[in-house]
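Notes to accompany the following structure.
Which chain is which? They are A, B, C and D, in the order written, and residues in each are numbered from 1.
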Amino acid sequence: MISKEQERTEEKETGRLEAFSDGVFAVAITLLIFQIPIPHGGSLLKQLGGQWPFYTAYVVSFLTILIMWVNHHALFRLIHRTDHLFLILNGLLLMLITFVNYPTAVLAEYIEGSDGRIAAMLYSGTFIVIAVLYNLLWRYASGSHRLLSKRADPLLIATITRQYRFGPLFYVVTFLLAIINAPTSLAVNTLLALYWAFAGRAKSPKTEAGAR
Amino acid sequence: MISKEQERTEEKETGRLEAFSDGVFAVAITLLIFQIPIPHGGSLLKQLGGQWPFYTAYVVSFLTILIMWVNHHALFRLIHRTDHLFLILNGLLLMLITFVNYPTAVLAEYIEGSDGRIAAMLYSGTFIVIAVLYNLLWRYASGSHRLLSKRADPLLIATITRQYRFGPLFYVVTFLLAIINAPTSLAVNTLLALYWAFAGRAKSPKTEAGAR
Amino acid sequence: MISKEQERTEEKETGRLEAFSDGVFAVAITLLIFQIPIPHGGSLLKQLGGQWPFYTAYVVSFLTILIMWVNHHALFRLIHRTDHLFLILNGLLLMLITFVNYPTAVLAEYIEGSDGRIAAMLYSGTFIVIAVLYNLLWRYASGSHRLLSKRADPLLIATITRQYRFGPLFYVVTFLLAIINAPTSLAVNTLLALYWAFAGRAKSPKTEAGAR
Amino acid sequence: MISKEQERTEEKETGRLEAFSDGVFAVAITLLIFQIPIPHGGSLLKQLGGQWPFYTAYVVSFLTILIMWVNHHALFRLIHRTDHLFLILNGLLLMLITFVNYPTAVLAEYIEGSDGRIAAMLYSGTFIVIAVLYNLLWRYASGSHRLLSKRADPLLIATITRQYRFGPLFYVVTFLLAIINAPTSLAVNTLLALYWAFAGRAKSPKTEAGAR
């Protein structure tokens, strides 16, 4: 009886953490639009055309944060408890998610100049850190079943652990490409975002169903 | 029994997607105020008067996003499940909703100059894309009853499908008007927003009641 | 039975509208901080001292929006249904709430110059419109008990109607003061905000209890 | 019976206040990223290197607000009622939380110049005020058990009261350090944030469990 009540209290706590995280995701993803500067004077068509790096970076960052939000939710379907360290790890993840606004603007600003490669490295580097933080968060939560629901499917847990392990590698590739050529790195980041959005999780409804 | 539990889980998932979407809508609609620049120095009355395009664009964009939020809610009263592609389509819709901030500021900035028509085309063009995305989202959700509640009224579904089909046409009209004259296009967009806000859904309480 | 289910559906709808409104309130009140410009170079102490109008306007606007949020909640404790026009009236109210950011910055920018009185009139004028919109919203919701809970205390309804009627008058006074002297008008707005925050609703717990 | 219903109503009210507060926390913490200016032109690496005060201030402020959010939640696990004065005290706390954006940017802007100490005093001074407001809020809520849950553990209440009493002292120390040297003060603020994030509440899961 006490166990039931405590379980409910714990799920409520987790729900609040998720709601706060969703709030930060929602604000961070919406603020991206402010990274596109409003043109002033001059030929508008020419100005809009010259802003292609801002549009591209906006779309890629939006899709990437969107996919990260989807992943965050997928984790919280399995996580039913929180503790102090988990709150902090999740907070660090949110810090990096909101930070994405900064490299997005820097990349758009510098991609066409001689420092484009540094800007592209900063951009992909941010995504590497985020992917590593997702691994840390998940390892901490799933290690010896620390914060997971008792009903979490072991097969699904193993699948997530395996998928997450490879997450940072993709961004390491775009980081290495950035050392050679900035637009190519951004192009591959675009393809990655589109792939994950439209193809990468085609089987997720099934695995998601297995989460309960 | 299992079906009941799963149904509840699915509705909870849909509720979270809706809460996240509401968060993005709330931030996007509030950020519009930042598109009105704060005047510095000079005669204040004259400066305020010169900002009429910013006030107009602010009101029209606010009302338009507000109506889109009302529509989004109306859809989610019928939608009781989600899947990965639906999450992404909804995300694209949210991307365009937050994007509205940009053409709003561009229109206000350029409407009085020689590039006003291009700015007005950008503005109405954004609304066309949003209206098309609403159709895609709804078609995907309602097609072969994919994500709808079992209790969704078929008559209401047909009505929404029919209404949405005409949605983009209104903005095609203001887009075509923009090619001729920017202020006229903005004026018609204003009338459309006012009409939908104060008259267009006069019968909605009834049809809404039919949703359950 | 049907009546019970429908009642629950309606309360859920109202809950969502309130959550969306809370989101807009939360963003609008937080964005106020961006109206204080970050000083660059020069003597910092001198610059901070010169920014007193920004600090004052920030505090007054924050407290005023906070009190408006408290009032908004008080209304929604009595309102248990929504309809399309109510959604729009509430949306107009939210539009003006987010708009407060603009006159706040204009007032701080101009209060010390010769156009300070115009800026102060814009500031108090915005609050007049908001107070009138609260009356419209409440009159529409409470008129012939349109959207109220059946259990709403008639005495409390009458009290709110009476209090709201006088709301705009206070801001008419600060508006008239603005015609004469801007700092005086701001000072009275400050006193009003402090009074409502710390004294004005001393009896509210009791009347609130009567709401159920 | 009436008591049960009223209790539920009161908890719902408290839940709404908490959701609104979470919204303000989420927006305030996300907006911090806008305090890092986007570099324009020049050598990017050099510009990024020159922005170290902005990165440091960003991380410290983010962690500090994150910890304050954790504390806010811990309080609301014990608080089950609200009244008007509590709403206002909580609102003042939220005002200072959103205000953190301003001294963060001022500190980053001035830390390397001759006015760095004034900027660092403003920064630590803001945290002193926040820590004092937490004490006020808690004292008001817990005084003669005014707004607490009946089941709140007296031992836990006493522990919080004792811990909070010392909260402002830490920031008084960094404030005094700021009078002497700005970077040292920021460094100690960084250590404090890291300590509270990763060590300070190691025992909290236990005490938290005692809250119910």
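The rule is simple: a residue touches a chain if its C-beta (ideal position, glycine included) is under 8 Å from a C-beta of that chain, and two chains touch if they have at least 3 such contacts.
Note that the structure is predicted; figures quoted are calculated from it, not measured.
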Could you work out the angle of the rotation that brings the CA atoms of chain A onto the matching CA atoms of chain D, rounded to the nearest 5 degrees?
90
Please identify which chain has its centre, taken as the mean of its CA atoms, farthest from the centre of chain A.
C
Distance between chain C and chain D based on Cα centroids, please, to the nearest Å.
26
Rounded to the nearest whole Å, what is the centre-to-centre distance of chain A and chain C, using the mean of the C-alpha atoms as each centre?
36
The positions of chain A in contact with two or more other chains are 19, 23, 26-27, 31, 34
Within their complex, state which residues of chain D touch chain C.
5-6, 9, 16, 19-20, 23-24, 26-28, 31, 34-35, 83-85, 87-88, 91, 94-95, 98-99, 101-102, 105-106, 109-110, 115, 118-119, 122
Mind pulling up the chain D residues that touch chain A in the complex?
18-19, 22-23, 25-27, 29-34, 36, 38-40, 43-45, 48, 58-59, 62-63, 66, 69-70, 73, 197-198, 201-202, 204-205, 209, 212
